[in-house]
Each structure stands twice: as structure tokens, then as C-alpha cells.
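Okay, here's the structure, questions in a sec.
By letter and in written order, the chains are A, B, C, D, E and F; residue numbering begins at 1 in each of them.
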Amino acid sequence: MSGLVTLGESMAALCSTTPGPLRQASHLQLSIAGAESNVAIGVRRLGHPAAWIGRVGADEFGSLVLERLRAEQVDVTGARTDPDAPTGLLIKEQRTPDVTRVQYYRAGSAGSRLRPDDLTDSPAAELVADAAVLHFTGITPLLSASAAAAVTRAVELATAAGVPVSLDINHRSALGSPDGLREHLRPLIPHLSYLFGGEDELLLLADTDDEHEAVRRLRGPEIVIKRGARGATVHAPLSDGAEAPLHAPAVPVRAVDPVGAGDAFVAGYLAGLLDGAARAERLRLGCLTGAFAVSVASDWSGLPTRDELHLLDAAPGTTLR
Amino acid sequence: MSGLVTLGESMAALCSTTPGPLRQASHLQLSIAGAESNVAIGVRRLGHPAAWIGRVGADEFGSLVLERLRAEQVDVTGARTDPDAPTGLLIKEQRTPDVTRVQYYRAGSAGSRLRPDDLTDSPAAELVADAAVLHFTGITPLLSASAAAAVTRAVELATAAGVPVSLDINHRSALGSPDGLREHLRPLIPHLSYLFGGEDELLLLADTDDEHEAVRRLRGPEIVIKRGARGATVHAPLSDGAEAPLHAPAVPVRAVDPVGAGDAFVAGYLAGLLDGAARAERLRLGCLTGAFAVSVASDWSGLPTRDELHLLDAAPGTTLR
Amino acid sequence: MSGLVTLGESMAALCSTTPGPLRQASHLQLSIAGAESNVAIGVRRLGHPAAWIGRVGADEFGSLVLERLRAEQVDVTGARTDPDAPTGLLIKEQRTPDVTRVQYYRAGSAGSRLRPDDLTDSPAAELVADAAVLHFTGITPLLSASAAAAVTRAVELATAAGVPVSLDINHRSALGSPDGLREHLRPLIPHLSYLFGGEDELLLLADTDDEHEAVRRLRGPEIVIKRGARGATVHAPLSDGAEAPLHAPAVPVRAVDPVGAGDAFVAGYLAGLLDGAARAERLRLGCLTGAFAVSVASDWSGLPTRDELHLLDAAPGTTLR
Amino acid sequence: MSGLVTLGESMAALCSTTPGPLRQASHLQLSIAGAESNVAIGVRRLGHPAAWIGRVGADEFGSLVLERLRAEQVDVTGARTDPDAPTGLLIKEQRTPDVTRVQYYRAGSAGSRLRPDDLTDSPAAELVADAAVLHFTGITPLLSASAAAAVTRAVELATAAGVPVSLDINHRSALGSPDGLREHLRPLIPHLSYLFGGEDELLLLADTDDEHEAVRRLRGPEIVIKRGARGATVHAPLSDGAEAPLHAPAVPVRAVDPVGAGDAFVAGYLAGLLDGAARAERLRLGCLTGAFAVSVASDWSGLPTRDELHLLDAAPGTTLR
Amino acid sequence: MSGLVTLGESMAALCSTTPGPLRQASHLQLSIAGAESNVAIGVRRLGHPAAWIGRVGADEFGSLVLERLRAEQVDVTGARTDPDAPTGLLIKEQRTPDVTRVQYYRAGSAGSRLRPDDLTDSPAAELVADAAVLHFTGITPLLSASAAAAVTRAVELATAAGVPVSLDINHRSALGSPDGLREHLRPLIPHLSYLFGGEDELLLLADTDDEHEAVRRLRGPEIVIKRGARGATVHAPLSDGAEAPLHAPAVPVRAVDPVGAGDAFVAGYLAGLLDGAARAERLRLGCLTGAFAVSVASDWSGLPTRDELHLLDAAPGTTLR
Amino acid sequence: MSGLVTLGESMAALCSTTPGPLRQASHLQLSIAGAESNVAIGVRRLGHPAAWIGRVGADEFGSLVLERLRAEQVDVTGARTDPDAPTGLLIKEQRTPDVTRVQYYRAGSAGSRLRPDDLTDSPAAELVADAAVLHFTGITPLLSASAAAAVTRAVELATAAGVPVSLDINHRSALGSPDGLREHLRPLIPHLSYLFGGEDELLLLADTDDEHEAVRRLRGPEIVIKRGARGATVHAPLSDGAEAPLHAPAVPVRAVDPVGAGDAFVAGYLAGLLDGAARAERLRLGCLTGAFAVSVASDWSGLPTRDELHLLDAAPGTTLR
């Protein structure tokens, strides 16, 4: 194992398939969801090993999560099936073509019962120690106290083994206030090599409304700012001194569903890192991977394989046959 | 009952779900349709009482209409089930993303058999007399002679009770010529407080090809001109004298289906009226409600509740979770 | 043209696809329906020419009817498109696995406007004169006075040309009382060579509650009694004197939808006639074709081609590969 | 209000539509579920007033529950929307044509937060006091301590107002052990007029493995034993003394889905009670209503209206047109 | 027969219906495909006779192809059913809204077994000799040596009968290299009256990277250059001397699927030719027909009838009712 | 690896979902198929390691096959992706509820290009040598000469390593004559420990029409006769001498689709073998697993996990909640 290792909660996802109020849908599409597993799938499709650590319930939805990840060749030897709690659910409503709403059934879920022991004397511990990069998101520490402790444990294991650590802020207001987010994430910043976030999330974590000030406060790790349709920016880590920030524009595509684009960007960026690519190329890869994600309704299904990357460089309306 | 009361025909709607010739669809989606009930649903979702008066057949489609309206909390105590005629049908074809075609099976339908007696000594009569506003469209008088007489009766009842009357021209060429429309609607104009129409409909009703002249000829009621993607304009009633017309732009959204947008606009405008809002706010509410309607394939299913109104003020591509 | 010619009304069919109240279906399947065109399709699939005479509207549903019949190689050169009336509709509800309910929108339809002129100086007239058998059902004369006259005209044309005439009683209570049925069909009996009916229909036409008496009263033509899951019986025509009636059992299959089975039986029986087969073989072919029809939800889609007939002779649960 | 009043939890239901492991379904059908609301819908469709008391979340699934019940004309003025908890979910898997599995997401749900206050100084309290019969199931007391207390309150209110009380045992092993069931239900038995249960449930409640002994121990109320495909038996209440038990066979139909059949039976039986019918007729009505329920995949959608009852008395394979 | 005759391979088409990797689709839509039959359908819908010559297998997919073409009134009397090879398949993946990928199962297919004999002493030979125009594409000669020979035979037959010949280059890289394409098509150019191609195809056929040079090298026939969203250009045949090229812009529509647009353009252009229209009108008709094709997901289903052509001249968002 | 290893062809499967002619289906369901991978999935779900050796194309269907097998935890480290040939296809038509027809697109497929080298110096060779049982079917040797040689190589490798070999005759008439089957399979019989077949297949392989004679001729291996709805019989291997044959009845279930039942039986039987169970228990497990397979439309999706086995022992119509 020399690729990406991530930990968090993956859930069954039930999604409406046409715009309108969810309550008036006749059926919902069944899939899986989870910011961290999205990243793992994305990195794996781009050719690097990837492992996901977490818990699922001993139910059909838990089997669904594991089956899907195995199908994607994501290593789940560090995952556990918890017989005492159900797999979490995410309900996704396409209210209009431009507005998506999400509801969770994850309180008390198996995924939220992740705990430090899951990373002790377990395959998961070895996965972390052998990783090329450990990635987590701001969602996991807010799931429960034990999940927060598990994140801390994972970061400690990685740091001890010299494995660089990556964080995507991924603020979910349903899981807690900005105060809670700051409380959980700030102590971890000194251990980070890479910090990803949307513009608002960065301001929120740094508790300021000025982006320059936010970067100044948070810097230490390489900071990558996701700007959606306006592309992305990377600030080199403090250790690289005065290097100017780099910006890359988004790849223009017809967007079907923005959900998952941020995870896809991170997957592309980290796959670039595992490629040994320079920052500009990582940014380009992140934007390209993000473009695939928004082109498909699913959070992760549209993620590209390495040999599909050229498709969105081709002229629009291209037919390949 | 102190909200909106409307009368007209509601039908079962069978709609193709992807662009192309209807004859090559494998299935059609089943829903309900009716300009007046669309308005009633829209007003009700925005928090005001709404009642629908009309006839349905003693068949599954009639039950569908009543079930749906009851689900939406539209008062149907004034509706009748006619054992001697079938519920009308609307067939909707999405021929291309930008062209919708509609065919009706409403000749001899239960809905077209509405008659003045339906408003005599009936719950319907009380609903009209107690209403805050009576709304009807130019469709109903063209359905049949008895339906035209029923509309006249309703307007008389409303006028007698001091209830303001609202008309949306809603010209359907399938139901008759412009001459017929003018013949039926012009005598009612003196009784109107609110007159809604598209640009073409206004010209058609006023029998001119100049909008200023049309407004001049028709004024008396407040005149609201629906301009689709170009927004809407309101001319204050004659009683308000020289007040300048107000214009509001459309809310920019990715349009899925324009059908129902006009009804949605009227619902928003009249809900604003029932809120006690000023004209500018009514216009804004009409445009916002219309934007929801065009964002969803159904005529009415996408109509917003009060607490959803903010969704289309948010930035495009917003995900709420 | 030396095969079957039939005349009647074909409609668009909208059918629910799972058992339950139609009003709670989310969509309906789009197909075509019509007892006479079902028979034409069945005969054509079994290898004989078949033509359908009737009217459709100048709308998508009319195009659907003609496209489907052309696809099935049923000759529609005798069909007309009526610009002044819509194509009829049939709504089919699978209320439970064993109860099907049907509602029509055919009052004033193009199909019901069939008239004698449609068979004058027209390709239709030639089709009838050149046919090997003319088939019609008890539905058509009840559609309208002009349709009844058209049937009479067709029977006259056939008789004049020495073409044998076949009638399937096919009583639809929605179209009229038993009295009306008797009034229209009895005068035609002397012109018939073949008379098909269910047990109840035969009693109804003969106005008796004893089957032997019914056969005695109606005989003249060959009388074929369809008994559903209990098979079928044929009484030789009067001209064949004292020949004993023949009975054939139904072919045992898992029934999906009984609608269309009677038409399928007639198609098989008449195809046997066109084959030159004896009565026993015609009966067998009728029962076999009927078995295919009940095995598929559609009225006609499951009808067998000649080389599929052996499939239902094979053992149950057979897989062919 | 002089009909049935019931209280309990209604949920959104997500159901697979073809046999197989749920995890391999591509989509799930969205509907509602709840034993008590099933009974309310069934009674209402048979023509009697019915009201449902309970809590839903302030989310799309909560709106779905209320919309559906309103569509069915079930009175929901006694229902509350709880802003602090989500609507419960039921996941239904058709594992094989004969095996259905159900999973719940109802821990901490709005529905489980029902409490005695919901029946104090509220429309709910009046509904109970004015009811012709109060019905509840063994599910509700096991949802939470507050729900158990709410049931007790409702029974007290009914008893005080002279309203007869009906209980369907409806044991759900997911909600607790048989001991818990007995603990909660036995104290209520003295207040019951009607006690419904499956054979196993009756033994379980009476803590014996002999049905005669179970009836002996539990009697007092009229005891109705639901035996699925083997029909049902009623034992007259103790007050009716030595009257012999009555048995009715099940109505033979092709079963699509057994879930909901028990609730349907109770609905038919109680509707018969509200009709003023004798026990034998109530039993017949219960069996007939149950037959409709098993004929349709949904728990409640197949429930019959009064004028549909004759459909399952007709011969199998009947087509009505 | 005085219309268009074409020959080539038509296949069953299996298409994903929403953007994403094909392997993660739960189902594929079943239809037919074939560049030449697309053109035949397009010409036929615009009111001119059209015939298709080719082979299908003796299987359900072969029946599907013939049924569909018959439904469209395309003459298939010149088509053969080959008992020794399967019907070809086309698998179409909508990878993103803007990227379509196509895979074929046509090696050894019935369609690729077309041979000169199919045009000897056959209805096909007469169809060609009586045609108003013979159309083929660059796909057919690359299917197999016998198919190439059949194309040559058809061109010879047409030339001998004075029937003008039309070629659409339609390069499919899956079928062979540009060298192969040039080898097969160049010898046929002297026999052409009309040559259609995309910009790249023209360069490829002329073996140059300059469009002017390509036109210079290939001229002789009228050359029509399809430019997708940028419209189309026609260069008059050499015989018309110095006439300036004409250009027409594309008709602006919301594109759903670009596949089939080129065939649709050719159909419109050739229908214009059969109308006797001038070049400018042919171009306009080609662009309009192409606009219909891109508005619908299917390659051919969206093709317009003559009386639908006005629909895309109307204002966007038009609803006709 | 100490479980089952199998080799053969797995394909994409496209299946109609309701009874009727495939050509009239609007869409086909996408899944995978392959007798050998069905067995591997079945054994794996019952808790034993399982590996599949074979080739897929470098296309979406190939990815689908590998993704699905990985999801099922079937080891595919011995599988190869062949860049020069497409993945095979199976088209499955549910012609009636009792008749299934299958068509293949596997000539020249990647799967048919399996060759001995695939088992030389490869992970596949090690998998075979370490297996607890090697299983293959009569399909694979008939795919191509190289595939036949690969089977022979695998049997040699297994024999050399002392791994018992199992064969399921699985005659596919589409792949060759009974002569071909006998020619390929008979030389392998001396190497077999287990021989499975349907009644007809056994007669065909032994070239006799008497089952006793067939068993006499083929014996040596343990012979297991699959009798569908009539259960299964096992004849002990010759080495066990005079032991009487054992019979087990089929488990009664409502059959949805018989395809895959034979593979499921073999999976259950071999899983029993890997459990170390006696013959009677293996038979029982085979019949139980087969019952699950026929209860679900897919060939393999309905296969049971170990903890689901009890479900079909429960009473019919059981609901678990």
C-alpha cells in the first residue's frame, strides 16, 4: 500500500432523479455517498492504490457500500461491519436544476461509531502507516466524540510514520456550528501538509471574512482553494516561502449536478501528487476531474479513469466511434 | 375561508418525459392539470387558503384530481363528481427541449359540464361569497355554454359580496377563435379588479396590435402583463390614476418546462395580494414563483412553499446540507 | 390480397403496469388497442396477409396506430386519417392480478366516424372484395350509426364477392345494452360463415340462458364458443348437418393478462382457416395463440409468429439457448 | 367525527420493486407506511370518517405522509410536525416473491416522540372523545416511553368518553422482546373492546403455546384471530357469554405482497363495525379487504373503496369494460 | 419508386439514457441505428419515397430493424434476412452531456455480409434503377469486401440508369484507417453527383489539411460541408462553373444529443433536392432537420415530418395548445 | 486460496424485464452472465474463497464484469483484459413467464480467446494449484480451440497439484453439436472428481437414452443429476462402491426465472463440499441455493449469503421485521 488512505463515513444514498420536490418523486435512485470514499474512488480510478477506513452496519446498505468500494478496487480491509447500528443514509433532492438539498439519517449510525480502537492493532493501522498520503475531511470529527478521537489517532499514526496528512474542510451545517468545526479542526492544522476548502469554508475556519487574512492565518500546509465554476487556487506551503499562488480555471462543461465536484477535485489533485506532478499540473488534474463529476448526476460515478481524461479536452459535442 | 376561490376544469395529464415525438414514447407520466387548480395550489403552498370549484368524472382520473388537490390542502368541498361524463384529459408532448405540444380530450368532459346550478345553494356559493379574491381564466367560458354561464354566476356572486375578481386571459386556440374569447370575456371586464395576460393575449383581447393601446382599452382593472423570460409589468387600476407602470425582471434559472409558468406567476402575484403586499412585491413574488415552475417538468409540482422561496435567491449551483 | 380483411376502431392504449388503483400509478404504458386490429396482427404474424380498415385522427396517437400496424405488416391502405376528430383512447387498469378495468375516450373519436363512404370507390372496397375472409366484431356497429352502416356495407360487398364473413360478438357494455347489440347483429347473422363468442355473449345474442338453445337459434354459421381457461368448442355450420361439436382444452400457461386472449383465439382460428386446416386444427391453433396472448401484458404484443408456436408446447420453465 | 381514530407512527417507505437483494436494486419506490394509518386509510375508503394522530418531521418525508393522508381524506388535524426530529423511514426488500424483509430508521424519529401532551388541550383530544372507535397497535407503546404514555392517555380519554377501544397486537421484534410487549399491552387489555392478532402474536401475548388457553386468558374483549391464507376467527367478548367462535375463509387471490394484509383485515372488520354489521359480516369484510391488500405491492394503495368490493367476488380473470 | 434508395447496415442500438459510465447504467434503451436508414427515415418523413437495402439476421434484433423501418414507411422489399449471421449491435454511451462514445458488435454481422448478388435479379436492383437518387455512406465499403463490391454494383446500376449518386463520407475509425477509406471511396468520386462530409472528413478524404485544397481536389460532385453548430456550406458541382459557395447557419436549439445530426442534415438536403428546391433552400432544410435531430436523444426518432418543420422557426419556449 | 477456482467466459447480459417479444421491449436491463462466474459468486456468498479465470475486453462491458466480480469478492487476479477483442454479450428474452430465449454475441469475443498461456507463469496457475476444487463447464471447451486447450491445461495443473476437478456439462446447442461436446468432454472424465448435469445432458454425454446406463458409463466421478423442479440425485463415486444414490426434492418456491438455477445448485453443492459436509447435506444446500436463484430474475443476483439460507425454510409469505 503506497497510495491514499482515508477514513470517514460512507452511506447509502437515495436520490431523486428529476427536478422537483422529493415528496412527489415516485422513486429514488439507490447509490452510495461519502466525501472520503468519493476521494478514494477518484484516486483509485486514476491508477493509484486507495483504501477506505470506516464502519458500516450489518445490513443491505452496509453491504452496498462495501460492494461498491470493492468494485472500485478501493481497499476495505480496514473497514468494519458494526452489528449494533444501521448504515447511515443520505437523501438527495434535486429541487431545481440548480438547487440540491440533502438530508441525513446518520445520527447513531454505524459510520458515526468509528473509534480509535478501529485503528489499533488492526489492518487499518498498518494501512495508515504505509500510506503515501492520509486524507480526511471536516465531516468525520463532527460525527461523534469517538469519531473525532479516531481522526486524531489516525493523524498521530500518520505523523509518526512520516505520512503527509491532507484535510478537506467540507463543512456540513447539519453536523454542527462553525465553532464546533473550528474547535475540532484547528488543533490538527499543524499536522497537515495539505488543506483543501471552498472559499467560504476557509473564511469560516480562519474566522475572518478576508481571504488573504484566512490564508495567512491557516498557512503552514499547502492551501488549495476550490472555487467551483471559477476554478481553483493553490498557495504553496509555508516551507516553500514566497512562491506566488497559482490559479487554474474550471473546465467548461454542461453541469448536471454539482454535488461531489469538490471531492472529485481533491481526488484529482491528490492523484497528481501521487503521480509526482508539480502544483500546476495537480491543479489542472483537479479541475479536470471535477469537470467529470459535475457532468454526471452521481457524486462519484462520473469520476474519470486515467484514459478518459482526454475526453473533456476534446471539442464539445464530440462523438467517439 | 378568506383566501382564493377559483373555478374551472382540472384534468388528468399524461406527459412524455423526454424530448421526441409522443408516438414514440414508451410511457407517459400521470399527473393532473388545470390552469385554475394550478393557481389554487400555488396560493395554498404560499400559505393562504384556496378552494377549487369544478366537476370531475366518477372515474379514476376524477379521483386522481380530487386526491391531488386534497393532498395540497386545496378546499374541494365545492367540487362535484358528475356520474355521466368522464374526467377530461390533457396529453403533453415534449417535442424538443424548447417545444411543447398539448392535445385535449375534454369535449363533453365532466369539467366542461360545469353549470350555474353548481354555484346555487351549494358549498361553492358560500366559498365565493366568503373569498378574499375570486379568480378565473379565459378557458372556462369557452368550455361550454353552461360553463360560461357558471362563470358569469360566480362573478355576480363575488361582486354582490364585494369580493374582488381576477381574470387570467389564458387563450387556448383549441377551444375557440379570438372572436369567441372577446365575446365571452369583454362583458366581464367591468367587474374585474385584476386582469392577467401574456403580451399576445392582451393584444388579442383588446383587438389591437399596440400594447399601449391595449392597456388603454382594457384598463379599469389592474393589468398585469406576463412576459415570460422578460419578466412582467403591472399597470395600476384606473382608480389609482397616473401611477407609472412597474416592471420586474424574470429570475434567471435553467428552464426545464415553460408550461405552468404563467399560472405560477399569477399564484405568486395573488398570494402577494393576500399577504397585503404592495405591487412591486407582488410582481417579485410572481416572478419568483414562475421561476420555480419552469425549473420542474410538471405544471404545478415545482411550486414553492413559503420557506422555499429563498432557494432561488441563492447563488446558482447551491447545495444545501 | 388473399387474406383477412377487418374493419373497426383502433385506439391508443394507456395501461398501468403493476396491480393497483390506476389513479396511484406514476406512469402509464403507451401502446395501441382494438379488437379487430389485434386479430389482423395475429393473422399476419402467422403468415397470412391481413388488412385493417378504419379511421384515426390527425394526431400523434393516430400516427402511433398506423406506425404499429405498418410495423406488423398489416395493410393500412384502406385506413383514413380524419382531420376533424381525435384518435380514440383506451385506459387499462390492472386493479389486481386478476381484475382488469377498462375506460374509453372514444365518443366522437375518428374511429367512431367510420362510414359507408369509406368503403366506396376506395382501396378499402377492393380489399374487401379480394379478401379470403372478412372479419368484424360487435363493437363496430355500436360505435355510431355511420359505423353500423359501414359494417353493413362491408358485409354486402363481401357477400357480393363471395367472401366468407366472420363475426366475433365482443360485447362491450360501455357501448350499449344487449338490446342494441341484438338489434345490430341479428340481421347480419344470415350473412355469416363464422360466429365467435364467449359463453355469455352467445346467450346474450340469442336471448336465452341455455347454451344448447343459443346454438340452435344462432346456427347457420359455424359457431365457435370461447371458454377462456376451459378451452373452446366449435359447432359445424348448419350446412354440415349433424356433425358433432368439437372441444379443445386451453393450453396451460401462467397468465399475465387475460385481455386480448379472445382476439388472439380468433386470429389463430382464422389463420388455421387460411391455412386450409380442419376444424380440430383451427381450434388447436386458436387455443395456442390465445395462450401466447395471456402470457404477455399487452393485448397483441405477445402474439406468436409461426415459428414460435412450438414454444408453448415445450415443457414449462424451458430455456432455449 | 364519528368514525375511527387511531394514533401511531407513519413513515416514508422505500421499497424494492422486484425480487432480489435490496443492495442490488437500482432504485426504490417511495411511498408511506404505518400500521395505524393503513387502518385509517382502509376505513376511510370504505366510507367512514377516520383520523390519524401522530408526529412527522419538518421535512419532505413528513410532508409526504401528511399529503398522502389528506389525499385519502384521513383527518390529520390531530397530527403534529416536530421541528426537532426527522420523519421515520421503513426500507422494504422483496427478497424473493415469498420473503419480505423490513428495516427501520425510526430510532429518535419524530413519530417516536409522540407524547401525552399531544393529546391534551388539542384537536387530538377532541377527536378521541368524539370517536366511534379508538384503534391502536402494539407498535406504538414500544416506540418510546413517551409514546407508551401517549397511548395510555388516549385509552383513558376514550374510556372516559365511552368510546370502545381496539388493539391490534402487531408485534415487531425489531422494537423489543415479547416481554416488553406483554408488559406494555397487558395492562391495557381490561380497557379493550376488540383485540386483533395473528396466531403467534396471540400466543405470545398470552404467554402460552395453546390457542384455546390464549383466548381463555385474554378474553374480555372480542378476540379476532388473523390466520392469513387460512382466513380469520372471531371469539365473541366475554359479555356475550357462550357464543361459538365464527370462522371465515380467506378470499382466494394471486398474492403479490402479504405486507399490509393484517392492517387491511382490521380496516375491513372495523368498517363493518361502523356499518353496524354483525360479526360474520365483519369477518367477511375483513377477509375481502385483506384480499385486496395482498393483490397489490403497496401496503395500503390496493385497499378497496366500497364500490370496488364486488370485484374480488367476480370470477378470476374478469375484465370489466 | 421515384425517391431515395440507400444501402448499408442497420443495427439494433442499445443506449444509456443518462450521462455517466455505461458500465454503471442499470438499463439500456433499445432502438435501431444505421446512418443510411437514418437518412431514409428522414427523407420519408419529409414526404418522399425512400427504400433501404441491406441484411439483417433472423433474430429479434433483425425483426426490430425491419419493423421500425416499415413503421416509418421505408420500403424494405430490397432487404434480406440472413439466417447465418446475427444482426449487428451498436452500444451508445452518454459519457457526459457533451461526450458520446459508441462501440459496435458488427464484425461478421448479417449487415456486413451484404454482397453484389443482393442487387442482382432482385427487387433491390429495380429499386436502384428506378430511384431519384441513390445514397450511400463511407461506412458500407469498409464493412467487408463483399459489402464494398455491393456498393460498387449499386453505383454501377445507378449510373447505368442515369440515377444521380450521393455519398456521405461518414468516417468511422473503428472500421478502418483513413487509407482504407480513401482506397474505397476515391474510385467512386467520379460517379458522384453529391458528396457530403464533415470538415475533418473532407480533409481526410482529400489527404490535405487545407479545406480549399480539399474542395479543389474532390470537386466534380456538388460538395456539401457539414459544420455542426457552425452550419453548412455547399460548393456547386464543377459543371456549374464559378458559382460561389453558399453558407447557412445552424438553427439554434438546446442540443440533447449530437449523434444523428449529420444524417439528419443529409436527409433534409436530399429531401430538398427531391422537392426540386434550389441549393440555398436545400441547405436551410438540411440545417433545420439537423436541429430536430440534436433536440432528441435518439439518432432518428426526432426527425421532423413536413408539418413539424415550422416548430423550430417559432420562438424558443413555445407551447402549442 | 483454498476455495473454488473456475475458468470460463463471463459476459455482459442484456435482459428484457417483462414477458413478451424482445424486439418490443423499450429497454433491456444490464448485468453480467457466465455459468462459471455464477458458481464462483454462489460459493463466495456462502463464505468460501472463489476465483475466476478468464478474459474480458478493454471496454465498458469488460469493466462491468470485473467490477461485479470484485464487488462479490471473487478473486480476479487471474483474469486478463484483452485489448484486441470485445467482451461477449448475452441477450436474454423473457418470451413468456415460462419461456426464456437467449442469444449470444460471443464469436471472437475476448472471453473465447482464453488460451493455455493464460495459465502459465501467471497468478492463474498458482490459483489453480492452491485451490480446494477446480470447477469448469462444458461451455468453455466449445468456445474455441485455444479455450479448449486452456481447459485441458487447467485440469492438468489441478491434477498435478492433487486438486479435485468438477465439471458441469452445461450443454449450449448454440455452441456446437452433441458430438462436439462428447469429443471435448469425454477425455476429461477420468480426471474428474465431480460431474454435474441435467438429465438430458447426462444422456447426451453418455450417448444413451437410459439414465441408468448413462450413470454406468460415466461413473468414476461422483455424479450429480440436476432435475429442476423435481430435485436432484447424487451417485457416489466408483471408489465408494455400492453406496445407494441419494435424492433430494426441490425447495418449493414461486419461480420467477429458471435461468441460473443449475449454476446455483452447483454452487450450493460445492460450498457444501468446501464445508466438509456429507453428500446428503450438499444436496440439500444445492437445492436450497437453486431455490433462491429461481426466485429472482437475475442469474446470480438472488444467490444467498450463508445467513439468508434459513429464509426459504420459513413458511411462505413470511415477513421479517
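Note that in this section a contact is a pair of C-beta atoms (placed from the backbone, for glycine too) under 8 Å apart; a residue touches a chain by one contact, two chains touch by 3 or more.
Just so we're clear, the structure is a prediction, and the values are computed from it rather than from any experiment.
*Asks:* Using the contact definition stated above, find the chains touching both chain A and chain C.
*Replies:* B, D, E, F
*Asks:* Relative to chain A, which chain has the most distant C-alpha mean position?
*Replies:* Farthest from chain A by mean C-alpha position: C.
*Asks:* More than half overlap in residue numbers between the two sides of the chain C-chain E interface, or less? Answer same or different.
*Replies:* Counting shared over all numbers used gives more than one half: same.
*Asks:* What whole-number Å value describes the gap between the mean CA coordinates of chain A and chain B?
*Replies:* Each chain's C-alpha centroid was found; their separation is 46 Å.
*Asks:* Where does chain B touch two or more other chains at once, residue-wise?
*Replies:* 17, 21, 26-27, 67, 103
*Asks:* List the residues on chain D that touch chain B in their complex, please.
*Replies:* Those in contact with chain B are residues 67-68, 70-73.
*Asks:* Which residues of chain D touch chain F in the complex?
*Replies:* 18-21, 24, 95-104, 172-174, 228-229, 255, 258-259
*Asks:* Using the touch definition from the top, list the residues of chain B that touch chain A in their complex.
*Replies:* Listed in rising order, the residues of chain B that touch chain A are 17, 253-254, 256, 292, 295-298, 301-302, 308, 311-312, 314, 316-321.
*Asks:* So in the complex, which bits of chain D are touching chain A?
*Replies:* Chain D reaches chain A through residues 14, 17, 21-23, 25-30, 59-61, 63-64, 67, 86, 89, 91, 93, 103, 105, 107-108.
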